[in-house]
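Structure incoming, see below.
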């Protein structure tokens, strides 16, 4: 018990608040796989547009579904989907950015041009292409958004690798005869994480929002399943009549993203204070 | 991170009730047919058609919210329903549909049909003027009809007019049209717009017609503005000086604009939007004359089995969909015929019932070899919110009968290509719209017809339809059409749901709005109340 | 000269690549232009005629080459979907030229808001020694950055439009009819665009200033007897603005390329909205040019920022 | 003139300056000598009122001519300090590049001092005018402006007659404008004067330059001009020559002495370099760990140091005596360099990206023998590092031949912070060369256990204890890091190690330890070193042979003793001065 208290004392406030916020969201999300107060898709004609109350903490939607239950389910889906999007795009970004940044030259030029092109390419069009090649399905939203977000990571990783490729310790690793891949991923990569982490935070935010747009095109979360972004866009039509319908998923997104930002800010400060 | 923004967008595109956007031809309604019923959602106001107590005033400007952009200002080339509803105010044909669905004379003052049904003779009305001030001549009529029917250059622009074989000027006031085969329903095609001779190719900078309003300006994505035609042949019309048909990007935006009172009139409200606006606007409602259904692909499993199709029809709780999606204002239907086409419509709702018959559905599924239920995907065009909501309601409700629907939203053009044209689907919720001819709805379910995207195949149905088409009296036609409907319902070719209502919000300062049984916004009778 | 040539070659290569990708995408995605234009009820003859008219009967390579040739000659083609009048389709250049001012105006207003609010805020924040204010700003900006732009648009509409009635939601007035009315309306979408950017810029500027404050030249300035205020505005701000300029440049590129969400929520007929509706109607000529435009804007703005940076930072320009 | 009484300063932790008391007399040059962390800079900054806000003065007082500037327990009176800073006391910093605002023209930065203090002291301009050596410049400026003024007045008079109503305000405006112009010209003249005074002959060009356009020495002269332009009573110079090359260092020292002589102001000279202090100062304070450990007249301290620490400091200074004679080195070449030219591509014009191939190293011919330490000495920018990188194959733009007779030469860099991967532990870092070797040449692959043993062994060899094995570089001091760097370079037993300024970033005592370490490891392992340094004394201490380089050319190679006794090249002689 004392140990736990001591651990808490050591952390900075940003870290703790961020941890609490994300922790709560994640717990609700995980819980939704086993239990929700009401069925997230159970409709009830008698309870349409109920304002928040003890019965329905966040109120009910146009089908009389319990918004809190749907938000819980939405957190689950949204967090998983956006995490995977971030993992894919960040992973691809690291791979491409590292290679182009470190080696430079023609390959770098070519890949940067493709990156620019993808960057300017409307993601709706890209998503339509992905569906028509791979068919619709939840995994494809992850895939197409993974592609969409890759260029931003490529840029960051690339510039960091350009910065570090001539660093003294990299020079020395080269002299030791360390293999190139090992230099890239064992020697340099761990050094870019503080910068990289910031963009992961931003990317996570964007992924949550982008996912909601995609279900419209037939990829991603399909009704009646809930995702936060989709709930938010569904709710826009009922803004005057049932503002809680939009506020619940909207504020939940803000909650998660803010929690995540604070968490990473906390981690960053912790790292900084170590040095 | 620009990317996010682009994706989100998609959510906000046009949502309209009613299905195939381009799916109307300009033929209009039989003379005997319907009286569109007008109901009232809010209960605050009488029907919108006539408000005899209020005194009409002249003048004023009105902003009408429309959902879709104009596809063409050429009345013969325009195919989108959203365009035609606007062009109705600018162009007129020899004949014109009125709010009862009857044909009235417009550019023509009179017409007659030969006994064999092959020759139509039109007498032109005196002093009908184009917006450019010139009188309409027989030349103009000949040119317009030839252009629309393809006699001019071999490219027919309006498919129902392809039956014409010649258009002849008898004298300055008389035009004679001959056709290759007799068909009672052809007369509706003469609502095709009359435009000045030669204008289709040469003039062109302004759409010029004879309607109550004349064209002022058009900006893509923003809208179209028309102004009063002072020379309109109908005395005393129109009332308004100017109408701005403003394109509103989506139902949600429309709601905001209504709340901000930046538009005066908007159709296609969803039920909950209507309720939300009830205090600020007159809310009027009438059937939309679209047939919403869960279309079942008869050619693929599990719907190649008639018992499975019937099971779906039994399991489906249409009342619930009606209640949830349109607030109970829809008309439940079971066959592919509009209730407003009273002569041809037969109420077959008793066959499967309007509520859910879970037991019967389960039993039929078991008989069909699916004792554990079935699972299939339902493709829904994502831009039509009502269909998406219907799908959600039905999917939830039919689970009880062991029927699992996986909803799959697709973009509209994908739906057109994959479902409507490609028949690559198991089930789909959408609606088909109609003109006022019964054949338009019924013809498509013949075996091998190119619009038969559900692959319905019944020799009995085909025979009944053929007889109906050939019939020379309305009574006879009605008899065979009804027979065809019964066959279709018995075979459960598809699970029809309802004719959803069309609900409009009208500024409290306005009156005189008329619902039409076709998809038009007639602004000529709308006026500001004192 | 070589730098400029290299940048131009890069630009052209990227534009080419983007146009090919967009063209390929249109080959792959479902949805037939002709059906999209004519609907489902058109006569087969008309469909055929239209297909021919649009050149869709030719093999893809021929179509691309023809299209690219026209673009190189400055002919951007005509929209498939929008007509200018009864018998002429809308030239793409004209269509985009008509929408562009809306997006540019939005960009300008947003940038003004960002510059006017974020820079003083960032400076004030950097100079403030009040711990509570620091925490408040930190949380405030983090929150502002966490609000989805879509949600923010909805909130702004709800608050200013429905509750306070400061503007009529959706009551966009064309800049041609009433420029100031248009500006008045556009302030609200601009607020939605600006809020998260203001938060980012203020944070960025503040961090940049704090970093610069630790520099040796700041100590030198103090050693001359300069006041804290003078050091902050005269020495630190100028140096701290350098990286912020790059950051602002990125924001400009982003907004000028079309703030799709905001344009949609506030029904502004701008570039972003046009792009979305053109994709959904399969209006290939419009989409192609719009994508090229976005690419062009992004690359050129980045380039200009680079040049600007070199001009304002004497360390680079006079090497 | 300055009296510091019992001063203690603490940042959030323990005190870094402890009970320091001293005085500076009028016109005196007081040296404060100590290693990094000894508190000498904090003392100076506290005196100047420039120490960071987070520092607390825990005891003591500071007086300037009997005026109390600072007292423990009272908040710093910034307004009071601002009247002293720049006007009565000023400071010259160590890093002339970063100490000047990079985005402001040099002239404006010097002028700022005038701007800030003119308001407070209107007498200042007249004062300086009388002293102005570049009088004609001043005169012409003055006469010009006077002429303009006369003209303007004449014009104003003419108008006065015509439009009496507007005349007054207009005239006032004109006069005000005139005054502004004149003041501005006056200031510029004084700045130019000051720049000339510190030996910047091309004053006008310097005035219009940005700091990066000047050389290090010129920048430091600008800093000095800025410090002395108002003739303050006290100048604090914190390591003003450390970042400069030896020859420039000498010039700056001469300049400081000249200014002290001319202006008769006091100078507080802070340095880690005992030799410099000895050359310049009248009196010296030695500081260690925040305390003054010794104080006295310069010659007394050097001839008769009392404290142990002072003795240690003096002995650690690399001199040109007391060198250990090395064992015989072989003359078998380990590396042969023939007719080597090394190029570097440089962007001549950044906007238009013209690249120019510049020849950095020209016609280098030399050998490194087995087991010897070859010293390479030269000033910054002479091509030392470029040459070493070329020898390691890190720079491929060369012509000529480099023949290696041993495998995988290694390198030790100057900056101990950047040459160790900050994300790894010491153990990992020491093992990494062995792992890499094992991958390249499976015959040399080692087991994990052997590697760990070898790493510990090397850790001991470089003089560190076991507990450092699991630390990360950020947890080590500079000297410790440099030890790890050396260990990492030597663990695979390479034939040659190139050490590029390995001790320049370190304090004198640490420097001596590292030099000892290199010598002893070299003896033990028989590894040849190419030892690069700008400091001829360091080179003398460590090398068997030395090589002198200037502007990319090798001027002289020879046995160390031989070169020192009998330098051939003029430049070598200058270095040895």
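Annotations
Letters A, B, C and D name the chains as they come in the text, with residue numbers starting at 1 for each one.
Heads up, the rule we're going with is that a contact is a pair of C-beta atoms (placed from the backbone, for glycine too) under 8 Å apart; a residue touches a chain by one contact, two chains touch by 3 or more.
Since this is a predicted model, take the numbers as computed values, not measurements.
The most central chain, judged by the distance from its Cα centroid to the centroid of all protein Cα atoms shown, is C. For chain pairs C-D and A-D, the one joined by more C-beta pairs in contact is C-D. Each chain gets a centre from the mean of its Cα atoms; the one farthest from the centre of subunit D is B.
Averaging C-alpha coordinates per chain places the centre of subunit A 47 Å away from that of subunit D.
Each chain gets one centre point, the mean of its Cα atoms, and the points for subunit A and subunit C are 23 Å apart. If each chain is reduced to the centroid of its CA atoms, subunit B and subunit C end up 39 Å from each other. Residues of subunit A in contact with at least two other chains: 119, 122, 124, 128, 209, 229, 233, 236, 239-240. Shown for subunit D are the residues in touch with two or more other chains, of which there are none. Multi-chain contact residues, meaning those touching two or more other chains, occur in subunit C at positions 29-30, 149-150, 157, 162, 257, 275-276.
Interchain contacts (touch definition given at top) occur between A-B, A-C, A-D, B-C, C-D. Within the complex formed with subunit B, the residues of subunit C that make contact are 29-32, 35-43, 45-46, 49, 79, 81-83, 85-88, 90, 95, 98-99, 149-150, 157, 161-162, 165, 167-171, 174, 254, 257-262, 264-265, 267, 269, 272-277, 280-282. Subunit A makes touch with subunit D in their complex at residues 167-169, 171-179, 182, 187, 190-191, 274-275. Listed in rising order, the residues of subunit A touching subunit B in the complex are 41-43, 45, 49, 62-63, 119, 122-124, 127-128, 131, 136, 145, 148-149, 152, 202-203, 206, 209-210, 212-218, 222-224, 229, 233, 236-241. Subunit C makes touch with subunit D in their complex at residues 1-4, 6, 215-217, 219-228, 230, 235, 238-239, 242, 307, 310, 312-319. Contact residues of subunit A toward subunit C in the complex are 14, 109, 113-114, 116-122, 124-126, 128-129, 132-133, 205, 208-209, 229, 232-233, 236, 239-240, 243, 246, 250, 253-254, 257-258, 261-262, 265.
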